[in-house]
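Shared chain: subunit A. Partners: subunit B in the first complex, subunit C in the second.
Presenting the complex of A and B:
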């Protein structure tokens, strides 16, 4: 049954996966385009770090985008068919959802692998000045984990009802509104920074997205 | 009564009054003078009272040698901040921080300057903080102001090299991590050599060694890049032609001509790197280290720092380099803990999906 679910999910998402794989492969390759530029001598290291840092923003964004697209396509046809197919299967709900989740995770291996190959290729071909080092494996591992976390989050949201998604959005919007209201009436509360710190700093779920995403660093 | 008698009577009366007046003139005037004097004193007292009423009452807050004058309404906040600030100042500057006893600071909130105070108070160095400032904010401002005041006691050579303020707030590992990145990326021959382990190159890169800086710090290609970055200054100095020759014909002599003419050539390692070296020297040298650094004017900077640290110059630079190399920042933060946390969260969100209410 898992093979069938994986196959159908592949059919639904292949048009998304193809550009995702290309983007994941190209991103590290593009990020080292400035490396080895002639006549830059001593300034090269600084230029490389600056360029790599600029490209670094794209890795978590790409991971989020791919995960969102795959999570949505995993549940899209079920939502459109009002889950009749899923309900007709002789398996419990959790089993079906687990197989959908697993199929999505398997599909995400492709962009993760593409990024690792791209990063390894970029690190091998670029002439990196002394003192700087390439970290293709660490970067690819981090990208993979970011894909997994983002996919799990979006999968959980899309698996629920519209009302559940509404609750999530309403909670986030409510926090923002409370912060704005408190600021406007002069009450000093740091709700938004508190929440974002809990989410983005250890042991928050999105810690994997924060920090430096550098293919080449000191 | 005839007119003649009337006029005689008037003359007699006039004479009597005049004679009487002349007899009373001196005591009367004396009394009047006394009254006038009393009135003047009363007016002066009233004026003083009025002035006093107009002058704002201020509190003096003290921690160690750090003295801060502030409004009574801010006293509690400033008192705590003064204790925090003094701790930091004393740790970095040691005995030199006692200079602050002679230079009190005047604190006030942004938008509420203290105006009606005696001139002696008004002349104190002002420290300002926002209306919603916390103890940490005020302490930060006090530390800045005090660091400037302490720094004013040093000579120009040291200030030019070190920058106007050596702040005690810097976190040493973070500062050294920044310096590590500089060691790897600074476009200079001596910096690369310093990174490779040459102590004398570190001293040169930090700008503590005298000599021809353009030759010492950069190779010909780097000199061209420095000239390119200083083209505007070269033009102002009337060296446009030399600048063009340097860049177009790659003439090193022309490059050197431009670089030698520049009024100031910044050392390849930044102020942050120089300050980190100074901090190492001060931490090694004990409480009188900063005083020794400030008092050893006229000597080369390497020697001054070594005197402050009470260790040989090479040893100081070597220790600084080791600390910087040890502070190498983690490039891609991906520890096992980090990875397991991500996996754990993925499982948690996955389980949430399995428990969806859609089919209930």
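Presenting the complex of A and C:
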């Protein structure tokens, strides 16, 4: 049963997975181009770290984008059929949802693996100056975890009705609007920083997305 | 008599639409035609009995198991053809068959392959490229090849051309004759049900208007030509659904529950019965709905 669910999900998301895998492989490779060649005179560790850090912003964005796309394709065909097919299959709903979730996770292994290979390749080919080290495994592990967290969140949101997704978006939009309105009338409310801190700082659920995503670090 | 479907005191509300006090019993092994005009609540009833919707109150038992508690067990033994095509249209016919088959332990590949051939379906074709008739055939194929004890068909032939409709109904009747399965078929195509069903339930405006064997339904509703009819029919042994005036002091009565010995009633009230006309199911259905919507004393 899981194999067929995985197959359908693969069929629906293969056009997304292919560029996702390429992007995940290419990102670490491109990010070390700044390191230069061994003949280059005088390593500028600070400049390298700064450049690698700039590239680092792309990792959580890529993880979020891939996870969102895969989550949407996981439920898209069911949404189009108003979930009648899935609900008329003789499996408990939680079981079906779990298998769809699991299938998405299995598919996400491909970009995670691509990033790990790309990072490992980049780490071995780049001439890293003394004092700096490459962390391909740590970066790949972090990317994998970010994929899983983002996928879980988007999977849950897209599994619901359009109304549910609307509520989530309206809540986020409302927070932003309140913050903008408060700032425009001179009221000191730190609603947006408060919410983002709770979400992005430990023990917030999205802590994995914050901080430094560095393939090369001290 | 055991019942494949037993619904009691069912209430459901969605917006302005309401199902009220619905009680329905489908005898095991019967071909039950569920009739009603569009919007009468047929599809809602089907969705409630398959656990796709939750009632406000009431009980639903399907194949001896309770809805919604035992719904996976019920669905494993039930073939369902919904009103609108519901399959994943990005899959090919072959993929749709393989996907569907893994959920049903009773899936019969031999028969599925036979039906693919007899329905003329192209296995490599994507579902999005199928015509309405081909999609209807595929939906029926999937429901039949799982060898269900109960088939729930919601307007299965609506919009299909006569040839496809005949193929689909032939496959259904073939299966029923082999398996003695129960079939619950919802439709507004009265003539279609008249040919194949042995029980009939009539829905209108969220309520069950009538439920009886098809033969009783067809035989019991008659049109009578009555000469010198009484002004008030009084205590009739049958139910007068409608009275229409004719020429020369005669009237045409539409009645339910008619039996031949009841003609004595007219002698007793000084009238005479000139003719008893059989109504087909559609005429009976229309008269029944008319009475339900405009009840007479």
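One rule holds in what follows: the second predicted complex is superposed on the first by the 210 of 218 C-alpha atoms of A that agree within 3 Å, B and C clash if a C-alpha of one lies under 4 Å from a C-alpha of the other, contacts with A are read in each partner's own complex, and residues count from 1 in each chain.
Everything that follows uses one rule, which is that a contact is a pair of C-beta atoms (placed from the backbone, for glycine too) under 8 Å apart; a residue touches a chain by one contact, two chains touch by 3 or more.
The shown structure was predicted, so the numbers you read here are calculated from the model rather than taken from an experiment.
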Review point. Subunit B or subunit C: which reaches more residues on subunit A?
Key: B
Practice item. Quick one: classify A:4 as touching subunit B (first), subunit C (second), both or neither. Key: second
Review point. Just subunit B (first), just subunit C (second), both, or neither: which does A:77 touch?
Key: second
Review point. Given the touch rule stated above, what does A:205 touch, subunit B (first), subunit C (second), both, or neither?
Key: first
Review point. Touching A:185, do we find subunit B (first), subunit C (second), both, or neither?
Key: neither
Practice item. Give one of first, second, both or neither to describe whether A:12 is in contact with subunit B, with subunit C, with both, or with none. Key: second
Check your understanding: Touch check for A:87: first (subunit B), second (subunit C), both, or neither?
Key -> both
Check your understanding: Does the superposition put A:49 against subunit B (first), subunit C (second), both, or neither?
Key -> first
Review point. Considering each complex separately, which residues of subunit A are in contact with subunit B in the first and with subunit C in the second?
Key: 87
**Study point:** Contacting residues of subunit A [partner subunit C, same complex]
**Key:** 1, 3-4, 7-8, 11-12, 77, 80-82, 84-85, 87-92
**Study point:** subunit B contact footprint on subunit A (complex, rising order)
**Key:** 39, 41-46, 49, 83, 86-87, 93-94, 97-98, 101, 130-133, 135, 138-139, 141-142, 145-146, 148-149, 151-153, 155-156, 159-161, 164, 188, 202-203, 205, 207-208, 211-214, 217-218
Review point. Which residues, counting only subunit B, touch subunit A once they are in their complex?
Key: 132, 180-181, 183-189, 192, 195, 218-219, 221-222, 225, 328-329, 331-334, 338-339, 341-343, 345-350, 352-359
Point to revise | Residues of subunit C that touch subunit A when the two form their complex | key: 50-52, 72-76, 80, 82, 84-91, 95, 98-99, 102-104
